[in-house]
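To keep things simple, chains are lettered A, B and C as they appear, and every chain counts its residues starting from 1.
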């Protein structure tokens, strides 16, 4: 493993103390998921989305940018002006999106590296594929639009937050689009579907207790264009049966429609503000 | 590959008629050839040829220490190398994007303990475990890479033999272990749950499996479905385009049935392979 | 090493039971893949190499590289991460691979009639599946077969072979990995065996200059032996392909 020499590392041949601290068993963790009144730890129902805050025009240097808060998950996405595709000699009929998904080094409980790791690379690809069907790529042939998503704090569902935020940022950058893309994360654990899981819940859905192999677990991220009723990207991992997947699809498409209304309002606000300003002048 | 409008229409119509350009029906696969134990310096290997798609997989073992978050689990790592033999576009770092996409999809599909039990790879909790390096070499691309890769990986893991650990001695912080010297003192991995990936491709209004390169070009969107036993372990949309929720559900159903059919065929084939057959490799 | 193991025993056998002037078993096949214009597979002992040739085609990438009087020959050497007993980190891009690519290009450039294809490019990709000594010679031989399969005009076969000096006295041919590891100098030659021209010669470690002619002669002999094997493979391949396309029938048609 590469060691960062600029940091003070523990001596060699040492192991983390966490190995020896008593940890809760999976069953106990599962019990902690819900409070006695069948609500989740933050007081939500199992199919309730967290409150969302969106703001456009955060990064002044970028052509378009947006900031999104989803509970404690915080994302900034900036979109830059189209530029010629670098290192390419032949003409391409369609424009290209370049996406970079990055966790800030301080965003997770464990420190992240400056370089993209494989999870971040995978998320970059998913982000790109979620947005691509919505953007009118033929409008800027031979050009590339750069999209940078930075997760400032990760408290679960960061990928879907990045997709939604990137869509707002693209709209703010006035990139022509067919539709707005909104994404929702669903967690499945112990045959229960949780919408918009927090980091704790997400970890429970991903890591699974070996002793009980029957029940389902996993994460589903759905990116949806609600005007056209099209799923632009569907990513699932874990171990889930068809029934739960079809249930999650219908739930998340509905939720996406709700989020879209929110986004629309935010964009309309931005336009109105701009119009008022020019009126004053 | 560049296709003109007429060619695309021809393919579109052929899918509509359920009689594809190579004579297959929508749910049919092209012929496959499988050979195991083909790379000598590895613990298990397989080569799969699906019509023009050629994949070589090798499994190597190393001793490593488990991660802090999961001290009871061994490790498995996928590395995909797109050889320039397949197409000149892969020269240098040209194939890297495709390679990360496939390897990420594989690691996501193998992450669940129901799909692949990494707990069996652990030797001593928190300090010693086996690390499986699954190296995939793409030698020729003739469409439908994901399916071919997943089948070859499963066959290679089936072929893999893990040496038995005779004894583990813990002395303070030091851990000494002794691996059996006997060549045949080893155990096979349990891969019955290992996921099979099926690419379901939407052309026109229909969904097909095992698309050729030409068909992939005509597709309006495709889904890669990784199925372990009867559950989904990974679903990923690939190749641009979007799908209606109903179409997605239909293609998931199609993918599931096809994957189960493929899985049982693969296991049956693997059981038929006997160890003392001579190596053929690329000389056939 | 205090007790140096003898590379050739008293009765004249090497560690793997070969005689000093014996090659390892060579098995090869042309046309393994359908997408490249030419492809070949060769096994020399346990060393296994795949080669693919694309072209001649339009110059890809930077058009300004194109030459008005000859084709560009582009080689890439790559080693599968599982090809060695210790797993490699990267299949290509390290120093050794780029050196190999350059050497490969040098050897093949000597044989290809590049002047026939101005403004074009020929790509040669070599993939090592199993490295067990003599990787470079195997690559050259595989690339030659792939070039012939692609129908690219060559001046003649270009073959490569390695040779070494055992017990400071006996020259031996086609060095395996085990013999490389045990020490002893290794001389690698790529040659045009019919005209006996050497196009590339590389040597590691040292021996007295007096030994050079006989080791070189041995390596050259090895190249000639390989040429015979390759020639046979090419002929049988052409025969196979010709028979299956029914060349006797076409010639009859022409007569009518």
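One rule holds in what follows: a contact is a pair of C-beta atoms (placed from the backbone, for glycine too) under 8 Å apart; a residue touches a chain by one contact, two chains touch by 3 or more.
This is a predicted model, so every value here is computed, not measured.
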Give me the chains shared as neighbours by chain A and chain C.
-> B
Among all chains, which one's averaged Cα position is nearest the averaged Cα position of every protein chain shown?
-> B
If you average the Cα atoms per chain, which one ends up farthest from chain A?
-> C
Averaging C-alpha coordinates per chain, one finds the centres of chain A and chain C separated by a number of Å equal to 51
From the C-alpha centre of chain B to that of chain C, how far is it in Å?
-> 32
Using mean C-alpha positions as chain centres, tell me how far chain A is from chain B in Å, no decimals.
-> 27
Shared-interface residues of chain A (touching two or more other chains) are none
Parts of chain B lying in touch with chain C, wherever the complex brings them together = 39-42, 45, 52, 54, 56, 58, 60, 62, 79, 81, 83-88, 91-93, 133, 135, 137, 139-142, 281-284
The answer for chain A against chain B in the complex is residues 13, 15-16, 18-19, 118, 121-122, 125-126, 129, 132-133, 206-208, 210, 213, 216-218, 220, 225, 228-242, 245-246, 249-250, 253
Going by the contact rule at the top, pick out the chain C residues touching chain B in the complex.
-> 27, 29, 32-36, 39, 41, 43, 46, 48, 50-52, 54, 60, 74, 76, 78, 80-85, 87, 91-93, 123, 125, 127, 129-130
Of chain B, residues touching chain A in the complex = 68-71, 97, 100-101, 103-104, 107-109, 111-115, 117, 119, 126-127, 173, 221, 223, 228, 230-238, 240-245, 248-249, 252-253, 256
